[in-house]
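The following pair of complexes shares a single chain, chain A, combined with chain B in the former and chain C in the latter.
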Partner chain A sequence: MNQGRVLHWFALLVALGAAIVFLGLLTDTIREGLPHLTWQFLTTAPDERRGGGGIAPEIVNTVVMVGGALLVTAPLGLVVAIYQAEWQGRVHDGGVIDQVRATWLSVPSVVVGFIVYRVAVAWWHWPLSLATGGLALAVMNWPVMVTVSISALKRVPHAYREASLALGATRFDTVRRVVLPAALAELIDGWGWALARLAGESAALIITAGINVSAHWSVWGPGETLAVYIWYVRTEGVGADAGGVAAATALTLMMFIAVTLWLSGRLADWRRRAGH
Partner chain B sequence: MRERWREMMMTRLTWALSGAFVIMGLGLMASVLVGSWPILMAPHSLGRLLSPLWDPLQGQWGILPFIVGSSVVTLLALCLAVPFALASAISVSRMLPPVVRPHATRVLAALTAIPSVVFGWWGLQMVVPVVRNLGGGSGFSLLAAAIVLAVMLWPTLSFLFAEALQSVSPSYVDASLALGATPDQTLVRILIPCAMPQLINAFLVAVARGLGETMAVQMVIGGQVAMPQGLLSPGATLTTQLLTDAALYPPGTRGHAALDVMALALVAAMAILVRISARWRVGT
Partner chain C sequence: MAPNIRTESLTVSYRRTVVLRQISLEAVGGEVLALIGPSGCGKSTFLRALNRLVEETPGAHVTGRVFLGEMNIYSSAVDVTELRRRVGMVFQAPNPFPFSIFDNVAYGPRLRGVSDAAELRRIVERSLQEAALWDEVRGKLRRPALTLSGGQQQRLCIARALAVRPEVLLLDEPTAALDPVSTEKIEELVSNLRGRYTIVMVTHNLRQAARVSDRTAFFDDGSLVEVGLTRQIFTAPRDPRTEQYLTGRYFP
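Take a look at the complex of A and B:
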């Protein structure tokens, strides 16, 4: 059984090495972050001068910007996908929309932030704010939503559509009553992943949403998120307890992402079971 | 009648939004092209752009140090990450018992969602001191950036490699084993060659992710605009320089146009990667 498996065992050894490095990263975050992660930390504003302080505004900003960007782009992406998959009949790999989608998807987030900064801040005179940051996230997320929706629609068997059309339903009714319910589980999965990805975004937000929070929350006020706060604390911040604060913020962010992925996965599973 | 109307409105809506999608996507690309126009069209533009001297006060906008930084960091990170990722993919898809396999794949997928800034934070306190002790200097260096990037790319690459290996039809593997080939021979002669198109695609995804990565690199590379003298010297990449200078030069200034050139270089590199990857795309 184990003859001629030397390479396999060697691979397992190397893989274990990599896994240990990664495990070290996770345990580091937990070990340093957990002592800092108190109820007070989650519910108060940061206080750089005295040290300590919490991350409540950052949590709110993250949820508002990421949620807003997703709420706007999810239907937009779905409609573009419906146009290709349902109205054109099939998705042209290498068609104009597909090429634009693939290229747009590959644009680095910092470049998106840079462009949104020029358009929104320099031309339209928007301040560095939650609104500008949300716009950057939306621009980043639209092609993601198109990709997610197309792969969800592609998984719906063609027989479903044919049956519905044969019964006399219009295309609109077929999409609304047959295709979308059948694709919903995959869509929920994709939305969860997009949410997780957006929550971890920071490069574009440093440019467009700013790196501080104001005492008076508003969508036109500066909108530092959890991810940006980690960066700020460790590079620009002067607080005395930067290490612990950064670790605890990282832990919070990673738990937020884990819960998002878990919840969307469960919801999708539940939909899948309900559908069959 | 109402149904006809609804159908027509839906047709128009999907068509209009798809048009808006294309226009906006092209607009993004056009924006960096137009923005970099003043520098690209200036006399001797290419020679001056590709000079190693970035000195805003002297009006020197050579972006060569950043191109070198981006290339070196990405290449080195991939050299570090690919062997580990391939080993992990082989372990997950060939060594683990079939019951555990889907869970291991799911864990790898979940690890890809860890935000890059977390890797930057970890690099600051774990990798930079190690590089400092081993190689002297401040520790903020291309090498530190490559190591952090490699760790960051490992889950993505492992996941995609494992998917590639699992896409090979089991009958090929069974046939090879039935003919008396050892598992190792089957792996090297059948599994990896058959999965090669997907493996290459996974590699290209990792190249794109590495090239576009900003945060994890920015926190440990040192942000030095001079030409890096070696792996242990600090540097900057196209993305990190964009991040640190974006708010520094308002639109209309020369510096802003120089940043646009960097953005254009990144977008062009990405577009090329997408084209290459489309060639390797397997029929779905």
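Take a look at the complex of A and C:
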């Protein structure tokens, strides 16, 4: 057997081992969570005193905060990316903007949560709320959006830009009429990925959006997300079925992420096919 | 009548590297001028200086003058957008946009505010006919341009350039990426466009230069070595470097 084959079998073995461990972990969560995962669980509010209850508000909060953060940061990130990739010439490493972006990308989310808490809650007197949590998510997500957008723009062949400029288009026209349509599939992929990533955020939200749900839903009221609820139930939950509720919530969150990625992938493919 | 395009002491540098030195060259209205020379001799840069596309490269610096008819295109009063409408360009690798065939050809006219559907259809049909592609794509205008073959894509790019009614066409090795049959079609097309447009064509294919051009200019290392009637350049070059290049014995 030559070296390549040995490496091939070794890699396969490791991958198989990882898959088995992963499936084992997943099986346990499914076994524990699936019995709780009923229509009622998805459509009612949590009820700690009578044990368990549902996760409807958590689902709504997750969608609102994550969606809101993405709606705000996707255009902002795209604007910065367009400036860097289309006007600044080339994106070279070591530039101040890139340095800030790389640092910001690597800051732990709990630190971002703390900073947003200090600014929004302590200075501006915003309440612990969906709005504050959404702000924290937006602050975390902005550099991600810039990165995702830059890589999407850089994958648009330079020849498209030249062809457009040579026809007498301005740079602005070129970006609007050629580069953005050509980059849209990649952008959609990136947005889906960012959405999935944000949906799993918990540390920053514990600090900024609180760990309970309000009886009177409002963006200025506290609201935990699915991820925060998992953390809360596992650490503070007193109900007998806390483990099951946490597992069922985890399954819901996983499905939410899977559906998000699947949908954005389909949408991106559909855009891609439109050009080819 | 297609205008002359003339350079006077055109010098182009990227950052500190001078890539074109003091080029004074004229393409006469309606003729096909071929630019030949070794790779990296500045032919493409020369072409890009004629529609100011060279300015889009960071660090590029242009001195000297370029006249399109009577207009110095580097004067500050010139609208680059309008200049590039008058001076169309086709690139080495076919680069249609990832849109439909129709939208590719209509791109230029739409930029200039043509939005009337019937008018756009007329322009698209005329341009595709002029680029000898109409018969192959008639009834398929809504198909993505990238489904066409390489040769068809290149003719589509020519149609796209023609759609804004330019006066000069710059062709940067337009057949370098194409098979012999497609190459022949493009050459035939260039011969047909001759007279209506002033055409400046960079090519690495010497036979192509001999076949389609009226006059040929030989560039070497950023300088214009000589220019003359294509027949004269190919049969009796004045400069020994030209002769060596044409006979395959030139090693810069």
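Rule of thumb we're sticking to: the second predicted complex is superposed on the first by the 261 of 276 C-alpha atoms of A that agree within 3 Å, B and C clash if a C-alpha of one lies under 4 Å from a C-alpha of the other, contacts with A are read in each partner's own complex, and residues count from 1 in each chain.
Heads up, the rule we're going with is that a contact is a pair of C-beta atoms (placed from the backbone, for glycine too) under 8 Å apart; a residue touches a chain by one contact, two chains touch by 3 or more.
On a predicted model such as this, the values are computed, not experimentally measured, just so you know.
Taken together in the superposed arrangement on chain A, chain B and chain C fit without clashing. Looking at the shared chain after the overlay, A:Ile20 reaches neither chain B nor chain C. When both complexes are overlaid on chain A, the residue A:Leu34 reaches neither chain B nor chain C. Contacts of A:Ala163 after superposition on the shared chain: chain C is touched, whereas chain B is not.
With both structures placed on the common chain, the touch criterion links A:Val178 to chain C but leaves chain B unconnected. Of the two partner chains, neither chain B nor chain C is touched by A:Met255.
Superposing both complexes on chain A places the Cα centres of chain B and chain C at an angle of 100° as seen from the Cα centre of chain A, in steps of 10.
Residue by residue along chain A, chain B and chain C are tallied for touches, and B comes out ahead. By the touch criterion defined above, A:Val112 reaches chain B but does not reach chain C. For the three-chain overlay built from the shared chain A, the minimum Cα spacing from chain B to chain C equals 11 Å. Overlap of the chain B and chain C interfaces on chain A: residues 170, 173. By the touch rule above, chain C contacts chain A in their complex via residues 51, 53, 56, 58, 80-85, 88-89, 91, 93, 95-99, 107-108, 111-112, 144, 146-147, 157, 160-161, 164. In the complex of the two chains, the chain A residues touching chain B come out as 3-19, 21-22, 24-25, 28-29, 76, 79-80, 82-84, 86-87, 93-94, 96-97, 100-104, 106-115, 117-119, 122-123, 139, 142-143, 146, 154, 170-173, 175, 193, 196-197, 199-203, 206-207, 227-228, 230-231, 234-235, 243, 246-247, 250, 253-254, 257-258, 261.
Residue ranges on chain B touching chain A, taken from their complex, read 3, 6-7, 10-11, 13-15, 17-18, 21-22, 24-26, 28-29, 31-32, 35, 83-88, 90-92, 94-95, 110-111, 113-122, 124-126, 151, 154-155, 158, 182-185, 187-188, 208, 211-215, 218-219, 239, 242-243, 246-247, 250-251, 256, 259, 263, 266-267, 270-271, 273-274, 278, 281, 284. For chain A in complex with chain C, the touching residues are 89-90, 157, 159-160, 162-170, 173, 177-178, 181-182, 274-276.
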